[in-house]
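In the part that follows, the structures are each spelled out as structure tokens.
Shared between the two complexes below is chain A, which pairs with chain B and chain C, respectively.
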Partner chain A sequence: MAKKTINIPLGSQHISLLEPIRFNFTTENEKIVDVDWDVGFVHRGIERACTTDFEYKQVGYVVARVCGLCAITHSLAYTMGIEQLLQLEIPKKIQYLRLLMLELDRIHSHMLCLSHVSENAGFEGMFMKIMADRELVMDIQEAISGNRVQFDYVSIGGVNRDLELETEKLLKTNLSELEKKIDDLMDKFTNNWSLSLKYKNIGVLTKENAYIMNALGPMARAAGAKIDVRLETNNFPYEEVGYEPIIETSGDIHARNLVRLKEIKNSIKMVRNIVDGLPQGEIEVKAKGKPNGETFVRLEAPRGEIFYYLRANGKNILQRVRIKTPTFSQIPVMVDIFKGANYADAHAILASFDPCMSCTAK
Partner chain B sequence: MIKSFVESFKNLFEKPVTVNYPSEEIKRPAKYRGLIVYDVDECIFCDKCEKVCPPKAIVFHQNMDGTKKYHYNEYLCIFCGECVRSCPKIDLALTHSEIKPNIGTMDNEIFTQWRQLYKDAKQSRIDYKLSKKKPKKED
Partner chain C sequence: MKQVIEIENLKSSIKEFYKPEVWHYVTLNASDIDGVCKLQWIFTKYEQKDESIIFEADVEFDSTIDSIADIIPSAIMSEMEVVDLFGLKIKDINSGLYLDETSMKTPLKVNNNG
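And now, the complex of A and B:
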């Protein structure tokens, strides 16, 4: 008898998905043989809107609404691009405050991913627990920026609010509380037997494939590839505040979880250093003139590299805004990991990618 | 096994994470972003806030006698505070309050007829300019 394959669709609406993405798995018994994907369910035409309806000073707020989780990364990447075009020099204090928000953003995004990985592996209680702990970071962000999700913290030439003494106190108490909980989570993710059944040696990405297929962010670092925009660029004083590249070698879901947990710890350390070494000065520089020319910006978002291309011709409205998000660049890697895996593990693998569809379709 | 048993037993006596919302108040940090408050007496009608607003939630209606009327849509506003920062009368004409926006109901004109209001306001300025030009031509 000839081998029969069965098609199983996953998405665009599915209980294990946060956002609409469709996978069509071709399976042979339990094994996944081939994957077909579609990501364009939440297209909103943001790139077009940026070049027609909004002036360059407003686009920062539009672009921040591309994604709820990495809102600060998007608006920051855009603002940095415009500042390059306007040839503005940014004082150190502003850079420190921006980096502070960027790292807090990374912490809460990684925690969201971890909670969903545990939920998709069948650990509902852990999901609730991590989500509750995540509130600690959200509170800090709300205290600093005034908003809970869409921060609107960065504006062209500076930041909107200064760090105050009370928020600094809140930040320190919350972070020390969080650090204990992260240590506890690290123990659970490594030693819990039932979790390791779903995580260890599942969804393996080799180092070679990580380089060939352009893996980014925690996914590449879990496979042992030293890919991090923070290593390659000097937009921010990363080394000054104690950044360390975190690399695991096994490349499975367990390694990805560990990379995320260790990055959270590293980010906590960075945030503390930033707050302690915050220089004095103004929080806003006056922006003059109109942008002219073209530029690009690379930044390390929680999920990997984010890329902005901007072109302007000295008018109020930009000519082109191109956004390339990490999830979209990583689709070949996703397909590669799915091939050969069991269908039963597909949900856990998918959650460990940390896909962000509203970023991808924009 | 024993460890998880001890932990779950401890968990019974821990303080809950959630808040009993209607009976207990949620703690809000200071400088919470609320509605934009406008003061007519301080305003110099430079229209800077209108130009700068990303969702176009502020619009000035030009009356024929030369005065302007301020319209603000609290349901469109994203509370970014760009208008407050652009205002030349710092902390006087426009301020960022901590008031929550009201719930939009069907008897609220701004909630139901904002588009018409916005269109009329834009048209009113064109009409006003034309009415100013006409007498010059007659001379």
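And now, the complex of A and C:
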């Protein structure tokens, strides 16, 4: 067959991904041989706003709006940075409540990704089922924080609400129900023959390339790389609440699906342990003074490492707020994975990256 | 741990130090401190608790510096960001990641009022 070179754009608006990102694939017959990309469609100038328009006490609520999916991670990373600059000790109860929300965020975000991966492999019914099941965790988050998406749960020195008894009951009931549904999904993603055709050996990232390209989050862990900020910081008592690193080795879409499903199970376990072992105490400590100096905070968001750098000089307005998000730094990894894949698989591969353009173009 | 470097030695310092399976490149961070561009290349060690190295250099905003994207491919993203948002020139790195022709130029420089 004669070799035919075709350029095929995917995005910036595309039915397979409701966020503005554009890949321009150069294909030889069906195979992708080169990839051009553009992620800068919606830059919102949030970093500038944080150092010009808002005082440091307000910025936590601004950065929560960087992303609707990992809002809690953004506001928490920022808040922890300010607390470091204020040399504020945070009691264990507050740490536990923050960790609870972080892991609930991971559950609903991973479920959103799994639903999109299903949809992009042609399984629309499964997309709807996972989205419906995801409501179980959204309801828990709403009961704890008062909001479904923009939680605004974290404040400097604490959290805004304690865990009520009624909420604890709802949490335990919903998580039990969710766990059964995740087991069912695990069975389908592992054993369904059609899904295997769509995911196994498709969109492969090797372990070696995961390190060379600086892969993060589930993408790295699905390639066999033990890369997880939860292993690398003492920000939270992860070992105490039952955190286990989830590693798969095949590096394909299937492996990324399994990592997310197993991480949901691990997050459910951690959330239960947090609630059962929740210490007594206040939900806020008073902050004194104004932030001074520089610091950085890393947290493991659902898509990988979130990084905040803060610099302050004892005034109400910070000198620098730097936000680095996982999708942003993984664009080169995505390009690497696309090369050599068939164009017909591009949509499912893209969905399996779980890209967040809202984070990327902050 | 912080290591102040001469900007001319950036590539050799990174090349000598960086091993992909040991060190995670977090980002290149830039800050405008009293009109000087403070650059920080931040690395953390895989599977080690809170272990990091920051290479730091102060440069003038009209300088041209080397790219390290040939050593660390993912560095291209943060380098493009610095070019766009601070106006620093980095060899072989184009502007236009976020900003287009009608956008505010170098929005993160302190004395930029739009």
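What we mean here is this: the second predicted complex is superposed on the first by the 358 of 362 C-alpha atoms of A that agree within 3 Å, B and C clash if a C-alpha of one lies under 4 Å from a C-alpha of the other, contacts with A are read in each partner's own complex, and residues count from 1 in each chain.
Just so we're on the same page, a contact is a pair of C-beta atoms (placed from the backbone, for glycine too) under 8 Å apart; a residue touches a chain by one contact, two chains touch by 3 or more.
Not measured: the values here are computed from a predicted model.
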Chain C versus chain B on the shared chain A, clash or fit after superposition: fit
Chain B versus chain C as contact partner of A:311, first or second or both or neither: second
Partner chain in contact with A:7 - chain B first, chain C second, else both or neither: neither
First, second, both or neither for A:87, with chain B first and chain C second: neither
Touching partner for A:173 - first (chain B), second (chain C), both, neither: neither
Chain B versus chain C as contact partner of A:62, first or second or both or neither: first
First (chain B), second (chain C), both or neither touched by A:233: second
Chain B versus chain C as contact partner of A:132, first or second or both or neither: first
Contacts of A:322 with chain B and chain C, given as first, second, both or neither: second
Centroid geometry (CA): angle chain B/chain A/chain C, rounded to a multiple of 10 degrees: 100
When both partners are placed on the shared chain, which of chain B and chain C touches more of chain A: C
After superposition on chain A, the shortest CA separation from chain B to chain C (Å): 21
Contact residues common to both interfaces of chain A (with chain B and with chain C): none
Touching residues on chain A, where the partner in the complex is chain C: 39-40, 43, 45, 47-48, 51, 211-214, 226-227, 231-234, 296, 298, 305, 307, 309, 311, 319-320, 322, 324, 328-333, 336, 361
Chain A-touching residues of chain C, taken from the complex the two chains share: 20-21, 24-27, 29, 31-33, 40, 42, 44-51, 72-74, 76-78, 85, 96-99, 103-104, 107-108
Chain A-touching residues of chain B, taken from the complex the two chains share: 17, 29-33, 52-54, 78-82, 85
Touch list for chain A against partner chain B, complex: 54, 57-58, 61-62, 132, 135, 139, 142-143, 146-147, 150, 152, 155, 160-161, 166-167, 170
